[in-house]
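Next, two complexes with chain A in common: one pairs it with chain B, the other with chain C.
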Partner chain A sequence: MSTNPATARRNLLFKDNFESFAFILPAVIIFSVFYIYPFFETFALSMQKWNGISLHRTFIWFNNFIDLKDDKIWWNALGHAGYVTFIALTLQNALAFALALACDREIRMKRFYRVVFFLPPVLSEVVVGLIWQWILYAGKQDGQHIGLLNHFLDKTGFSHLIHSWLSDPDTALTCIAVVHSWKGFGWGFIILLAGLQTIDRQLYEAAKVDGAGSWRVLRNVTIPMMIPVIFDVIVLTILGSMQVFVLIISLLGNGLGDHTDVPVTRIFSAMTGTNQFGYACAQGVTFGLILIFVSFTFKKLSTKLKQA
Partner chain B sequence: MGINRYQVYKFFKLTFIQIFLMSVAVTCLFPLFWMVRSAFMTNDTIFTDKSFIPKIIQLGNFAQAWTDGNFGVYFLNSIIYTASVVTGIVIVSSLAAYAFSRLNFPGKNFFFYMFVAAMMIPLPGSFVPLFVLMNKLGLVNTRIGYILCMINVGLSLSIFLLKTFFDKMPADLEDAARIDGCGKLGIWWYVALPLAQPAIAVIVIFNSLNVWNEYILASLLLNDNSKMPLQKGLMVFQGAHSVDYPILMAGLTIAALPIILIYLVMQKHIIKGLSSGAIVG
Partner chain C sequence: MKRLFCVVLGIFLLTGCAKKPEEQNTITFWHWMTDRQKAFEELAKKYEEQTGIKVKVDLYAPSDAYTQRIIASAQAKVLPDIYGILDKKEIFASFIDSGFVADLTAEFAKDNSEWEKAIFPKAIDVNRFTEGNIYKVKPGIYGVPIDVTNIQMLYNKKLLEKAGIKKAPKTFDEFLAAIEALKRVGITGMVSGWGELWMLDCFASNYAFNIMGEDKIMATYRGEVPYTDPDWIKVFNVFKTLREKGAFIDGIVTKLNKYSEQDFALERAAFSFNGSWCVNVYKDMNPNLQYGAMLPPAIESTFPLKIWGGAGSSFVVNNNSSRKDKAIAFLKWVTAKEQQAYLAQETKNLPSNRQALSSIPEILSDFAGVMDQTTHPTIWSHNENPLVAERYIKGIQSIIIGEKTPEQVAKEVQEIKEKELKKLRKE
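Here is the complex of A and B:
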């Protein structure tokens, strides 16, 4: 007995769909196991009290979040990440924008600069942190300063500025922010330069014919045209800087003081230090929501400004 | 022919710009120079000799880092992880991206947006349940566990980039292959993959950098010295009681040099991929 044509067509379609679905199956499986499951499990764990080992987990509703609300160390840590982000947004992005403007013209060795400025971003945070730790090293041997920076200050007559850069709570965070900016400005530079190069040169010519000086051209032509790209860079900078972590532990080691705690180090120490797996997840969820809120606000602002 | 005011102004402006760019470039390069220089010093002189070219040069640090410092093992591990993860990502993501771009099946859009959404939502604490899961599956401290996790990390962006590329690619050749009786899998392998080479190059480069430089998951999942990649091996020095700085600097150089070389060879692709990717994203 042959099957009727409608069933045969349906079977064929099913086979076809199944074949096509098989293409995404490996990706879906890996993604479900290593992303989607941990994603939802983070939310589930954030409402539990669990030490990570015992079979017993207690569901405690939002108590982890209530504890988090009163956790001074956590909010300080968020403030520290905010400080690093602030330096990155101002110092690092201003530098990136200035460099991009300088390279957006016929200038000698342009390609060399482009290659060199993107060198720090391709290095790992571990490598960058350990190199700078060596340069900022404080201490003396045989009357000589070990770290290059202090040695340099000593020899150039600025010995009053010599400092234990990384162990002094007053300067450690600024050092982190500066090294972070050193590593990161190349990203902003490349993206901003790509944005600048899409601006029609005729706009600049027209503005010049109208008698606008460089400053007016920058303010009235370049920056308005660059708003979407600038906001992209701002959002990328915020997401990258708020989650700074590896750079800190490679600069300072694991014997962290409270003064250089950031949200991710708090999550790690709640997990591996004090075995509060639920609390660690509550911190992660809160932090994630803050990041999404901030980047969403900036995206909104960007579209508003574009329309205006 | 006199030199007018405008030319003088322009000359000074360009000189000023050059000085500005050059000083930033030196700031970028100098720490790397200092690392390489320190890798050639001895334990006796490294704390006191601050000359650019050290008075006593010791070449043996690299050999010692490679064997005693275990960097040979770390290096090999990093190569294994990078090669397997990148191969995995290219196969898995190109299969999926090809299906999202060219094939039809129910739930196609749902699954595609699922991958895209993952790129946009940061969830910093998710490594906590990931670690618990890996522990349950017995994948902690195994190479395959780390490799699978890292394939997942690169998956979303790679699928997105490849799908965008396939969407723009003309389908003529694929149609011709289909008429010749080539199946879906055959078209993907013989037609789509070779044509997608430029996009795959971008994916290979970015994921290689990412895997080579990864630290957080490696530190959570791999504890055995014999399985650690370079980044984790380097961190053994951080916080150690008395650090052998020449060996550490040699180790840093071993970790940084391959990346710098690949970057210098591939920088055109990297910068182009980054610029276009940023505009698209």
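Here is the complex of A and C:
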């Protein structure tokens, strides 16, 4: 019995589609289970009052979000994360760009520098926190400063600058931002260096033939060519810095009053300290939306600048 | 070939999913105490030799991470046979309410309450829910304390001597005078792990009991006394006074207890506010450390100064475990005199079994001697709303760093309290 050609085509198409779907099915399942389901579950929890253990959950609509709107500590924490991000965007990325530029040139031992600059990001944040805790330690033994920084200041005649770096509200957050930048600049360095190496060398040679100096080459060739990469680094820095958490815990334990609170420590505190799982989820959802908004804004800005 | 592959895969899946026969004779025990892992493993080995029951001792440290693991395991319903709940009484109640914890009342009552009588009553109380408790949990005993603890002030004998102080201070004024004397010879006064907020809460609570007594504290928690009350201001003022006298080591508010223990063991401060577990820690850090334990010096004489104490580490039995009886039997064995004496010797912690007290080291006797003066939030009739408690502790941190006055902190805490009370009334 011969098969109708239309049916055969349909069967073939179905087989084709089935095969394609079968191939992506594992990925879809994994994505659904580990990303889509938790997202909806988090959103559902954000509208409930629940202590994380009890069998009783109370549906309270958007009350958690309304509470969050009036939570000054939360908004301050967001401001603190913004400050850390600002330091990272300026100090960390400026340093990363400068070092990437240096390593992009023909200098001696550039491979060695690349490895050294990429060491901090490889270290665990807990280890970094503990190392810096020792560096910034403010205690004394037998009249001698134990912390490396204060000891150095003492021995070099800058004893007036000696400080309780992590216990002073005026310096604690800046210390976190600086340590975060120290740890994170290696990522920016690697990405920017990779970007620099994709720039056609002929452009530099042409600029030089036209009599452009180093500064003009940087301004008119390097930076315009690097715009997409710079924006990617900016977005990654924002996402990484806004979510700083482990470093704060390892440097300061539960923090210094409200002065070192950032959104993730507030979420963690709502979950574990005050057992408000619903509220913590509302914080998480809000924070996620803020980050998505910021990322898309920068993406759009990057596209516009590229077109210009 | 395909068929063969399917058959092999099928066999692997079936054998992999089947319950191993020896699993019924293996109980799992999760704890968080790094310093006791070796001793627990030894006990587990001994228990297997005696009974044939294998005890799998799993360590998850530090305690914060352990708490997270327990909560996540409860949510996923994969709790071990024996575990600890290191959380507020309210959360303990939720575990019971959700059916995760076995009621051990009948076990404790067996043989004319022999088991219950052997253990320090204060340690049992931490695991007890009394008639009419605010959490509406069925009255009973739900946990087994395997050691007891209390938190006191420790003093370094050598450093006090160096400052010309002959005796450990008994009153707050004597304590301040000692701080002055220590400062004169360049010795830091006091250290504590107040980067861990519960330790700061504990110190503040000691003075709250001393200044206003338990009834007034509970009345505050119920919303009947405001935090702006002069007695609460006095409590906040303790920290202001200590700060102004320069009593604290630099960075005390962000110091984790592990580092504060290091500071005291390495003689960087003369006093330390720490728990009885420190005996084991100091022994490892500085075996030559000469120190003693004393109650934090009282300010008032109307009410006794109460310190936190009771059960050091308590364990509960998973109510849904098919090996529930075996788990209970193991806990009974661990709290028996012989095993308790072994644990006290090995870990330098106070045993929960009173009969094992005779075998404790000398310094631990200082701790054991004041067990009658202990209290703990888990045995109070009321606990403060966690949001208010958070503001209260962070407020004290602000006083210590000189950022806020006691009056400002009292006002801020009271504002949160009123907001939470309003919410509660609405509900």
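To be clear about the criterion, the second predicted complex is superposed on the first by the 271 of 308 C-alpha atoms of A that agree within 3 Å, B and C clash if a C-alpha of one lies under 4 Å from a C-alpha of the other, contacts with A are read in each partner's own complex, and residues count from 1 in each chain.
Quick note on the criterion: contacts are C-beta pairs under 8 Å (C-beta built on N, C-alpha and C of every residue); 3 or more make two chains touch, one makes a residue touch a chain.
Not measured: the values here are computed from a predicted model.
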Chain A as common anchor, with chain B and chain C clashing or fitting: clash
A:T274 touches, of chain B and chain C: first, second, both or neither? second
Chain B versus chain C as contact partner of A:G253, first or second or both or neither: both
Touching partner for A:G213 - first (chain B), second (chain C), both, neither: neither
First, second, both or neither for A:P224, with chain B first and chain C second: neither
Which superposed partner A:V126 touches (first chain B, second chain C, both, neither): first
More chain A residues in contact - chain B or chain C: B
First (chain B), second (chain C), both or neither touched by A:G79: neither
Segment of chain C that clashes with chain B, given the candidates 115-123, 151-159, 169-177 or 259-267: 259-267
Footprint overlap on chain A, comparing chain B with chain C: 52, 141, 146, 253-255
Touch list for chain A against partner chain C, complex: 51-55, 137-141, 143, 146, 164, 166-169, 172, 251-258, 269, 272-276
Footprint of chain A on chain B - complex, ascending: 14, 17-18, 20-21, 24-25, 27-29, 31-32, 34-35, 38, 47-48, 50, 91-93, 95-96, 98-100, 103-107, 111, 114-115, 118, 121-133, 148-149, 151-152, 155-156, 159, 184, 188, 209, 212-216, 231, 234-235, 237-239, 245, 248-249, 252, 255-256, 259-260, 263-264, 267, 270-271, 274-276, 278-279, 281
Residue ranges of chain C touching chain A (in the complex, touch as defined): 64, 67-68, 71, 74-75, 87-88, 90-91, 94-95, 97-98, 100, 186, 188, 195-197, 249-256, 263, 266-268, 386-387, 390, 394, 397-398, 401, 403
Chain A residues within the chain B interface of the complex: 17-21, 23-24, 26-28, 30-31, 33-39, 41-42, 45-46, 52, 95, 98-99, 102-103, 107-109, 112-120, 122-127, 129-135, 141-142, 144, 146, 148, 151, 182, 186, 190-191, 193-195, 198, 229, 232, 239, 243, 245-246, 249-250, 253-255, 263-264, 267, 271, 277, 280-285, 287-288, 291-292
